[in-house]
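Here chain A shows up in two complexes: once beside chain B, once beside chain C.
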Partner chain A sequence: MKKLAIGKIYLIFVFILLYLPIFYLIVYSFNSGQSMNGWAGFTFNHYHELFSDARMIEIVLNTLIVAVLSSLISTIIGTIGAYWIYQTKNKKIANRILSLNSVLLVSPDVIIGASFLILFTVVGMQLGFLSVLLSHVAFSIPIVVLMVLPKLKEMPKTIIEASDDLGATGYQTLSNIILPYIQPGILAGFFMALTYSLDDFAVTFFVTGNGFSTMAVEIYSRARRGTSLEINALSAIMFLVSLFLVLIYYFISNPKKGGKK
Partner chain B sequence: MADIKPIIEFKNVSLDYQDNRVLHNIDLEIEQGKFYTLLGPSGSGKSTILSLISGKNSPSEGDVLIDGKIVNELPANKREVNTVFQNYNLFPNMNVYENVAYGPKLKKLPAKKIDQLVKDMLSLVRLSDFEQNEITELSGGQQQRVAIARALANEPKVLLLDEPLSALDYKLRKEMQYELREIQQRLGITFIFVTHDQEEALAMSDWIFVMQNGRIEQSGTPVDIYDEPINHFVADFIGEANIIEGIMKEDYLVSFVGKEFKNVDAGMKPNERVEIVIRPEDLDIVAPSKGKLQVTIDDQSFRGDFYEITAIDDAGNEWSIQETNPAKIGQRRGLKFDPEDIHIMRFNETEEDFDSRLESYEGEE
Partner chain C sequence: MKKSSLTYYISYILWLLLFVILPLVLLLLQALTNQQGNFTLDNFLNYLSSGTYLRMTLNSIFYAFLITLITLIISYPMAYFLTQLKNHQFWMLLVILPTWINLLLKAYAFIGLLSQNGTINSTLSFFGIVPYQLLFTNESFLLVSSYIEIPFMILPIYNSLIEIDSNLIQASQDLGANTWQTIKNVIFPLSLNGVRTGIQVVFIPSLSLFMITRLIGGNRVITLGTAIEEHFLTTQNWHMGSTIGVVLVIAMLVTTYFTREGNKKGRKK
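On to the complex of A and B.
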């Protein structure tokens, strides 16, 4: 019992350490003072400021559009890719592609961002919405592949055989059996891609331009100019949104709660 | 038999996996409405035969015919046969009803007909109350029944069953054997059942194919195969058997353990070396003077409904005997058996020769 208590205390300690800065930030978003040096009183002023900041709202919308679009596109491409890797007879090629996939996943964002910047300049593409979207799609695909592939591998091959035996065509088996089976992986991939895109800074920082900006980049540039508690307010909202996403993901991956039919 | 058109036919079918020949020149005919069993140890090629019928594999040589048409390359989803798999292979994302309705839905039958079919099949396997259950909520036996209902809902001409009972416990397996047999007789469609369990095969089948190493060793009714096995392998694989070597002196006279015995087999060459099979339950333990053979009781074990007794004769052969009464170990006793209990097997006799030899002298009686 004692051991358990110590373990619990340790766990609580770690979580406090991890969440303290975020809560510190959130608490000060309600500070009526102008900086984070000392509490002056409670106010919603910074939120008002934030919502009347047209440029900021535009940036938030941009960020959301890029996130949703890029995760949708990368989910489709990534799922197809994972399925291709799964069904290919040539294990050597499949393994090589999978390794390349992992390399993209672990290579530093700075490198990916820089390489995209070079690519876009060479091709002569204007930096802006499209370049950001394309690079987000690119770094999200490996994430989706990584989430979907295990689901495919875990699926018993024999249920495909059974579907075949009962008269299904390849397409019918795919839509009736395989897709429903790997659906949790696809959703997980989508939400992962969404969160990666929402908070990506490094890659976006390289490939953005022409007045186009996302939240992460904007917060960075504003924080450099000197702190405004508006940033705190924005961070608080972003934190709540990600919390919400995590909750959605949790309920999708644990469907036992709601009775199906 | 010849005037009934077979529903499935194998003509000299062989199959290679990479460089391995896993099926050797298989010839077989399956008729409408019977219960067939492919029986053999694992790796004997019995499931491979199923895969050729279901369309999962194509023969390397020879032809597979369904309804008189060659279907060698016809894909599985275009064949009117369905399979009940060993590990059930139910669709985890669908409930019981949806699983059974899967095949009929793919065929785009009218909704009413699908509903009727599903309900009929579920009541056939006694799962009517489980329509809306998820697969994970079912026991192994219930899952197996859903798998049977799902395959039957497709209204196949032939139902293939690939060791469907092997994952069930003994008692459930016995129940399911009985139920499967009843379903088959009620629906009147052909069942092809694969098993390595000889007891199961004997209990359920109209016709058994005994397989080994990718070949059919013998085919026949359960009684034929049990009473007149063609060779050592079949005799040993189907039930318990005492197999010893002997010499066929002349028709109806065989010699083994240095003695001559009357028997009911004929058609061999004089003084041909043969193998003799006597089933343990055909042997009776009697007083030494009354026995045809004298033995010393070596060992015995209690099996519930009988005693399994091992005895050794004067030539050193071991005899296995099934008796309802116990014996005393070390005691000298006699073994009694009738001429009909002795079955003679020739070495390397083909099934054709075996059949024609049997016909030649059985016709005389």
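On to the complex of A and C.
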């Protein structure tokens, strides 16, 4: 009993530590003063400021467009890749592909950013929206593969054989049997890709060029010039969005357990 | 559905070739050439003979080691106590939630907390303590980096602890081991794979952090990541930047080698 009490105190302590900076940001977004120092009263001014900041709105929209597009594309390519690995009969080759797949997952993001910058420069591509989008697609594909592959592997072979026996074409088996079966994995992959994209700073920072900016890059350049409570308002909104996404992800990945069988 | 035809998989294969293999080859090529495009080992010789580069590398490794150690010390008990809770999956979600919030926003919060007339200093001066320089110090860099990495350390350790067969723990208790002995001789050895993964996923990013060194560390701590960023985007010396990049990749491979999974069977997928 006593041990558990110590454990609970420790848990509470670390949770406070984890959330303190986040709630600190959110609380001060309502401060009528001009800095994160000294509470002057409650106001929504910084939210008005944020919503009338056309540049910031545009950047937030950019960020969301890149996130949604890159997750959609990487989910498609990642699912195809997972299916390829699943179909590869030679275990050794399958494992090789899988290790290559993981290279971008374990690489430090500066390496990904720097090497992509070299790549885009070598092929003569202008830095901007397209280079950012391609980079986000590229670093999100491996996580989609890792989310989809286990679903494919746990799929009973018998249902595919049954489908073949009943005269389904390859395409029919794929769209009516396999895709519905692995759908939770695909959705989980999509959400992971979405977070990867929304969370990325370093890779984007390397390949963004001058004309195009995402939220993280913009916050970085603003934070170097000093703090403004407009950023706090933005982070409060981002926190709510993250919370919302986490809840969706949670309900997708944990469908009601112990339902009727 | 004949698996022999690779055309179905062309998008994925193109990705492997263009975005996995090619960039690494290009990075290596940059490191092995000079401004004129001739093959040379000069960049590496330059790196190895320069005290600045070597000192920077050691410094970066040292700080990554400290960050990993701090997060491990905080995270292991956290992961252990979490597994003791009833709704541990829900609580685990709360641990992961902060990682969904953009890194930059978290760093930004600390700028507010630590700055010269920021919240911590105001609180201190309220108690009559002279304001300290908190931001732009090595300690602030360690604090913020550890803060950011903690969830990534807790997750794998938690996963390995959850997988431990509860019969083993019961057996240990039945055989008269006290809680501490059970933790030391049964639980900890069985959770080593999680610890290894945790070290891997914290140590490698810690070597390459670059925005925190600027925003929080005030450029006092130069990590390998900062050096690469500077060579690529400020001084435009891509050849030297790539050389440091290759060093970082080697550091990463060494880390992965030492923290690879022990050959223990029975890991559920």
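One rule holds in what follows: the second predicted complex is superposed on the first by the 247 of 261 C-alpha atoms of A that agree within 3 Å, B and C clash if a C-alpha of one lies under 4 Å from a C-alpha of the other, contacts with A are read in each partner's own complex, and residues count from 1 in each chain.
The definition used in the following text is that a residue touches a chain if its C-beta (ideal position, glycine included) is under 8 Å from a C-beta of that chain, and two chains touch if they have at least 3 such contacts.
Quick caveat, the model's predicted, so the values are computed rather than measured.
With the two structures aligned on chain A, chain B fits next to chain C without clashing.
Note on the composite model: angle chain B-chain A-chain C, taken at the C-alpha centres, equals 100°, rounded to the nearest 10. Of the two partner chains placed around the shared chain by superposition, chain B is the only one that A:161 touches, whereas chain C remains out of contact. Of the two partner chains placed around the shared chain by superposition, neither chain B nor chain C is touched by A:191. Look at A:180: by the touch rule set out above, it reaches chain B but stays clear of chain C.
In the superposition on chain A, contact of A:87 is made with chain C only, not with chain B. By the touch criterion stated above, A:30 is placed in contact with neither chain B nor chain C.
With both structures placed on the common chain, the touch criterion links A:47 to neither chain B nor chain C. When the two complexes are overlaid, the chain among chain B and chain C that reaches more residues of chain A is C.
The superposed three-chain arrangement places the nearest Cα atoms of chain B and chain C 13 Å from each other. With the contact threshold set out at the top, residues 169 of chain A are in contact with chain B in one structure and with chain C in the other. Listed in rising order, the residues of chain B touching chain A in the complex are 54, 56, 75-78, 82-83, 85, 87, 89-93, 95, 102-103, 106-107, 132, 134, 150-151, 154. Chain A meets chain B in the complex at residues 156, 158-159, 161-169, 172, 176-177, 180-181, 260-261. Touching chain A in their complex are the following residues of chain C: 1-3, 8-9, 11-13, 15-16, 18-24, 26-27, 30, 74, 77-78, 80-82, 84-85, 89, 91, 93-113, 115, 117-119, 122, 147, 150-151, 179, 200, 204-205, 207-208, 210-211, 214-215, 224-225, 228-229, 232-233, 238, 241-242, 245, 248-249, 252, 256, 269. In the complex of the two chains, the chain A residues touching chain C come out as 3-4, 7-8, 10-11, 14-15, 17-19, 21-22, 24-25, 28, 35-38, 76-78, 80-81, 83-84, 87-89, 97, 100-101, 103-104, 106-112, 114-119, 122, 134, 137-138, 141, 150, 153, 169-171, 173-174, 195, 198-199, 201-202, 205-206, 215-216, 219-220, 223-224, 227, 231, 234-235, 238-239, 242-243, 245-246, 250, 254.
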